[in-house]
Amino acid sequence: MVATTDTIDIFLQPLGIYILALGVGFLIPLVYRVNRNSAILVFFTALLIMIVIAGLNLLAIINGASVMDIETAGIKPPFSINLRFGLFEGACVLAVNTVALLGAWHYLPRLKQHAAALLLYLILVMGINGMVMTRDLFNLFIFIEITSIATYALIGMERTAKGLAAGFKYIMATSIASAFYLLGTIFIYYQTGTLNIDDIIANQQLIIGPIGFIATLFILTGLLIELKPYPANGWGLDVYETAPGGIASLISVGVSAGVFFALYKVLPIMDLYLTSIAFIGGFTFLISNFIGLKQENTKRLLGYSSIGQMGLLTLVIALLVQLDASAHIPLIIGGLFINHLFAKAGLFWLAAIVDRKNIKDWSSIAKHPSLLILLCILLTALVGLPPFPGFWAKWELVMLLASEQLFGWITLILIGSLLEAVYLFRWFSYARNVESSESVEKPAEVSVSFLQQIPIFITGLLLFAIAYVMSRFMNVDNQLIYFPLMAGFAIWLIDRLNVRVKSLIMLLAVSIGGYFLTKDLEGINKLFSYLLIGGGILVSFATLYRHDDRKGFYPLLSVLLLSLATLLRAQTSLEFFFAWELMALSSYLLVMLGRNKQNCDPGIRLGNDQKNDQKYNQINAIKPALIYLLFSLASAYFILVGFAVSYSATGNYFLFSLGDSGTSTTLAFSLLAIGFIIKIGGFGLHIWLPEVYAEADDDFTAILSSVVSKAGIFGLIIIAAHLGVRADIGLNPAYVLGWIGILTATFGALMAVFQEDIKRLVAYSSMGQLGYIVTGVALMSHLGWVSAMYMTVNHFLFKGILFLSVAGVILRTNERFMYKMGGLIKNMPVTFTFTMIAIIAMSGVPPLSGYGGKWMFFNALMDKGWYWIAALAFFSSAVAFLYMFRLLQTVFLGQRKLEHRKLREAPVILLIPQGILIAIIFVISAYPKILIDVISTAIDPWISNTLVWKGTAMQAHYGYWDAPLIMAIIAGAWIAPLILLLLFAKTMKVQKVEQFNIVYAAERPRRPEETHFAYNFYAHYDRAIGFVVRPRATAFWNAVIEWTHSFAASLRIFYNGNGQTYALFIIMYFVGLFLVNGGLAL
Amino acid sequence: MFKKTLNTEDTLKNSGLTDEEQQLFSNARPQAYEPYPIKAVEDFANWARANSLWILAFGTGCGAIELRPLMTARFDANRFGVAGRPTPRQSSVFVIGGYASVKTLKRIIRSYEQMQGPKFVIALGICPVNGGMYFDSYNTVNQFDQYLPVDLYITGCMPRPEVLVAGIMELQKKIKAGECNGANLYVENFDWYKSNQKKVIKNWDMPDYNW
Amino acid sequence: MIVEGLGGWLSKVGNFSLTLLIVTTYGLLMGAFIERIIAKVQGRIGIPYRQPFINILKNFFKRTAISHGVMFYLGPVFRIAGGIGTLAFVPVIYGDEMFSNFSMAGDLFLVIYFMFFGQLGMALGAGESGHPYSAIGIARGLSQMTAYEIPFALAVISIVIQYDTLSITQIVAAQQGGWQNWTVVTNWVATLAAMLAFLGMMGYSPFDIFLAPQEIPIGPPTEFHSAYLGLMQLNRALFGATKLVLFMNLFFGGATGWVELMIKTFLIYMVAIVIGVAFPRFRVDQGIRFFFKIPTLIGIMSIIYVQMVLTS
Amino acid sequence: MNTLINFPISLIVLCSGFILILLGLWGMLTQRHLIRIIIGFSLMDTGIHMVMVSIGYVTGGTAPIINNAVPMSEATNLVVDPVPSALVLTAIVIGLGVTAVMLSFAVRIYKTHKTLMIDKLTESKW
Amino acid sequence: MKDMLQRLQRDFNISDITERQLRLTTFHVKKQSAETLLRELRDREGYTHLNFMTCIDYIEDDIFTLVYMLHNYDKKNTLGIHVNISRDDEAMISIHTLWAQAWTYQRELREMYGIRFPGSPRVDEDFCLEGWDQIPPMRREFDTKKFSEERFGHRAGRQSEQPRKHMKVELYPNRGGDEK
């Protein structure tokens, strides 16, 4: 017994992997001849045991076992080759082997056709394991070559013309790289007399002079080339493009992992080159992601992403070593690496089973929810959104870099990540794109068996699991941040239930969850919790009006609402950022669930010619959703850097210590403010807003505008409270913020004036109203903040009403263009009344609640001496009348269309929340003190109270405002003439007439469409000052997009497909490295 | 206040309209109004009406040119409370400016029906009386009062503005005396007027009463 | 200004009703007077002084009417409520508690914003009439309003800076003690900008395109008649006079008695009339562009002027 | 001791090794025919092997057998380093393997493309 | 001018060339060649402006004479092209292809004379008369007086005078209206 356990113990040594691979490997052809299935069984058993070996050993090490050094032939190093199995090696091997097993599962249909294929696969895996574990330079070479040869052979087995050509280029390139490596190895040996890496490191003083320089350079070039740096990586891309998914995934994640690990091992002797390595990595990351923008071939796209990720890893490892921050390696490198490993492998397999060459043809999976979910999970992980490992790693990385003041690298990494998100999620957009019926060539539906999806599914699960483990490692104590995801998952489980049932369950769950999450908040957070959670649930109640199934809507909505709750709860910037990203992601997916009836090209060109109805009608939610995601990500990155700047100054993540940022305060404030402004849709950064609001589901737009946009306001107030007020920030950023706010308000209002689409109109209006709030926050005075909060509450109230009533109108008329409606007051008197009250409240006309906000705002502006802003605010609130009247006039008043005569009132479910909101408006209008007292209490901790009340009247430095009295006077002034009119009406014969009984003489009205003055309603205004609102921002961003794509196109001219060119680049790469690192000086 | 439910006898057929258009136009029958129950009030009201004659700015024929000088310095009808009004809703006096062709008659009827009572019609020139020089024209009506009630004729071809002023003063006298009941006349004999109108207007593609 | 008890409030309402009556009557009379002046310029006699009253009475004495719906009905009510409310918030006679109305409820800002109330309600009423001309007229009127709001807002901000208050009573108080203290003297730039805006506000030529009597018969009120029109005519007199009172208070030293008020408001009104009779009508986009150019520039200068000259 | 000391054989091997490497690289980069490229690779490979061998050579050294002729204490000076030779053996095997794979690729490429010119194999690019 | 007319005479066989006034010449042309002639005049001779087109009813000759009035801005003269069409077959080629505005005239002629212009836009819609249910009113066989009395009635007491007779009485009251 003892003996057997010993043998098992010995067998379970890491060395067992090699024994197993070689032994079983060469056994397989034999078994294969006997029985194919048993060969496969053996094959899988071998892979499984490899995992078990790696896993058990890793567990042992985690449990405190010492690092295992395995010597062969019984001789101590340096004279023997030896393997090392430490924490990093173990983790890497385990991950690679897991991917290999899943990959084999995925690739089995092809693998099982040849015994040799099975053998080669095993050898390949073993080679990778060897690369990771070996501590011998030459041995490393052998493992690299073993891996390469196995790869060549596997590639060659797919006898496609393209695959063979690519394979040959691959061989050429890697053989040159290996040659470099071998030369370097031998020179190192020449100088140090040893091949053992540890010995070499120990004796690195021996590596001197030109020979030492050349030797290290050779080794570095060899390894770097294997990692496919730009531009010497065309061959790698060709292989990614042409190799079958199973192989490509192993090359991308497995081989790269091995080589990367090898690089990590030799880095200690590469001190001289660390900067070069960092630059190469960063450059490759950035450029690959740039070029990815132009790529439409699925696998090549993945190739670019893969190369980019490896570039990022290279950059990070070089930086970490340079900064001597090896303590961060497990989290950052590990996180990024594992993230890349699983996500990329999963994507390659997904690409293989879906088998659509062009990403534009991926719409064929639009009706496969499981494939879509998998794609979404993997892409989300790859982009580094929560809760995946990449998110934590990126956070750690940025914080680390910030604390070292390396903002250049942060910028580069974030730009690269953003670009990557662009093309990856564009791919998702194509996949989500349901084909329209008129499309001529329809890609055939994909038929994918469930079994094929399992490996991918497992990668997804692993990603979640690892993410959780990572968050534990990062000391994220607050497990509640996962609550939204869990709730979402739970609700997803019941997604098959009746829509009413599940929506009610969702509402209930969110209410309970939201209550428990937010019950112990106080101050501003408490106030916002009423608004975001209470308001969110109230507005979400209206989603019940839809009868269709809405798969996925409710889980995502619960994630969104609960992530808002966790956002409010956040104590640290990490929690805040986590919730923020979760909110962005879930709202992106929710937007994407919106209008999806027609086919469209989700390419990210912005804006559209809205006068061109035909074209305009064809839009659907996919393109705006993508733009929304990108702007959200950009916003998140600004916030990330802002937090990082603050962290670099304070050294901790707590939100309340933001204010201690010292000299970095202004920078942190500006970055954070930009981030939130993007989310709010500030001037110049607003272009995502109208399209998203227009194309999202009508009820979800209400949530977006009235609830989600408040998250941005919340963030702004939080940073203003922590950074702006306490830390005595210089006035300038706040003043700039004030201008941004008021320009947003002005241009939002002006844009809204010229919209034909009802949702766009309300969207621009929403943007404009948020502009006032931003300026209010920027005032940094008590009155300013009270006005900002007051307007925030108001904005929630009337935007909720407006978007819900618009939803009702759209539901009934099935139209979005206002000129196609008209006269609906007869059918929908309640909706009209609600809309009218909301609009009067919004316009700021006394006595309704909007006036209070405007009054306090104006007084605060005057107090502060921001006169120009006050003038613009005045102007924009006047302009607001134009679009508000237009909304009422063209939709509810004027001539009703014949086909609209039979319309019914909007569903009661839509009206109930509106009614409640209206009631709140009236209460606040009559007794604003209720609300203002709450607000004032909430912000008193930050700014001392300056409000003066005289009875019911509020006193400011300049003016005074007595809301109940105003209400009474206006009621009196309104009722008196009404009575007069009613009296006189008694003396007359008043005839109720129909819509065409209007004044006409020469020609009588023929059709309501011709008689309804609605299209291009403000044509004269357009003639007068329309030039101000020509879509410059859109044009600018389009130019940015165009330029970026052209730039990307020009970056890839190196990839001409010729193997010799690629080889030349490799040699030039070496020469370049030689020159840059001072080769001539030797 | 609003008479929403009318029994079927009170409604008009509006047969000149398509089914779709039927729903767009009111089919209510116009109704006569009584004088105010108190005589003094009625007299006062008539006085006010007489001194505030708002003429509909619709020149139906050649006589329209004679209306223009009324407002000039020489005749200054403003003195009598006369003013032009571009919309029939607000006007109280309709001046038929001479001959009325069939095509114009249709517009005259529309505009007249859109005016709110009490409303007054002044027929200018000889043509509304008996066709005048257009007595044998294929498209000019010969007896205008067959189609609309006329409160006052001012004959001539054409009458000069002086006569018009005199006519307006005469009309004021009549209004003050409470004799101008054209609107009620029209309503009371509505079917007769309507049948006369329809006799000459062959393409009756409008509601029977243009509210 | 402290009002106590029900009796206090009732007398306040009573006083306000008196003010309302006086101002409306004055507005109507002034309208007739202006008409007569114009007639004299044109060599006519013009309407009798009683004519505006008769017109309104006539409209109320109409015996038939039509209704397009509830909003059509409420439109004129909103309109005149706007007029009455605006007057309620403006102190009419300086130093006279009786005619200070309800100005303790709100400040200048309230008055400016409440001016929109009537316009909005009227626009809704006209909208429900379903007449395209109404909609066109409103579209033009509202656009023009946004344009003249700019110089007006700038001028108001300028004087608010100057007097350091938003309270109309205090603004008037600061101008007491002789004509040299009037805003028109102390801050003539702001007054100039405001008077240019005033031209647009009054809706006389050259800025009367939104009424355009011939092209789009009378614009927004195309469909309104009888008692509706009567209310609107009342409001036109009332609201016009209120605006004059407001301008008088802000820029011309206010008034300490009714006679002073009448003289001052009449003269302010004459500005609009003189310009009105002398200039042809602007197209609406020309009008908007006009306000965005010189008046806005003057408005900007008025703030600079206040900051540089008056408060330094 | 020997004239050859001034002109060590290892240097000759080293130089010719480098020359072969460069020749091989030149061949790989300039020759468009696949077979010639493979030959270029072989040349380069051989060159590397020669370089490796020359590195381990000790002038006048003997075979790395530790016996009486070569005392343990002077082994490092007298004996040719055996490690490079051992490495070269492995490297040759690997080089052979790679060459074989390349040739098999060439065969298959000829079957699918009917050409052996590398500049015709540019299906995938950008 | 003369040259042109001669050429037209040669090519189009125009007849009855009459110089009505200074700068106004009229001539007749056959119905078949009328459109070609008009096109020629417009494109070659610079008669780019169609002043009007109208019709004369020669019921005695059983023809309608269509008149096309063309103007040359360079030469500042006008041509009247007369085309006789039979009253039995009152159809004419539409010239809206030459002058877009011609469709209005053609619509009017269609309404007033019943002349058909196949292909002319909206030619059958009402032009001046709305709901006309008689023969076209400008045809001379249409008795307007009878129609007017039937349709519009006749107010008693109206006296009608023959203008010629009446004027004689007016001018020579002494002689009882006798000229002598």
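Some points to look at:
Think of it as A, B, C, D and E in the order they're written, each chain with its own count starting at 1.
We adopt the following convention: a residue touches a chain if its C-beta (ideal position, glycine included) is under 8 Å from a C-beta of that chain, and two chains touch if they have at least 3 such contacts.
Being a predicted model, the structure only gives us computed values, none of them experimental.
By the document's definition of touch, chain D and chain E have no common neighbour. Between chain B and chain E, the least number of touch steps comes to 1. Farthest from chain E, judged by the mean position of CA atoms in each chain, is D.
Here A-C and B-C are compared, and the pair linked by more C-beta contacts is A-C.
On a Cα centroid basis, the chain most remote from chain B in this structure is D. Here A is the chain whose Cα centre lies closest to the centre of all protein Cα atoms.
Chain centres here are Cα means. That of chain C falls 99 Å from that of chain D.
In this assembly, the C-alpha centroid of chain B lies 36 Å from the C-alpha centroid of chain C.
Annotation: 71 Å between the Cα-based centres of chain A and chain B. We define each chain's centre as the mean of its Cα atoms; on that basis chain A and chain D are separated by 51 Å. Counting partners per residue, chain B has 2, 30-31, 33, 87, 89, 211 as the residues that reach two or more other chains. Residues of chain A in contact with two or more other chains: 985, 987-993, 995-997, 999. This structure has the following touching chain pairs: A-B, A-C, A-D, B-C, B-E. Taken together, the chain B residues at the contact with chain A in this complex read 1-4, 20-21, 23-26, 28, 30-31, 33, 36, 58, 87-89, 107, 110-111, 114, 205-206, 210-211. Chain B makes touch with chain C in their complex at residues 2, 30-31, 33, 45, 48-49, 51-52, 57, 72-73, 76, 78-79, 81, 85-87, 89-90, 92, 116-118, 183, 211.
Contacts from chain A toward chain B in the complex involve residues 898, 901, 982, 985-997, 999-1002, 1004-1005, 1008.
Chain E makes touch with chain B in their complex at residues 126, 128-134, 137, 142, 144-145, 147-149, 151-155, 157-158, 160.
Note for the complex: chain D touches chain A at residues 21, 25, 28-30, 32, 34, 37, 41, 44-45, 48, 51-52, 55, 83-84, 87, 90-91, 94, 97-98, 101-102, 104-106, 108-109, 112-113, 118-119, 121-126.
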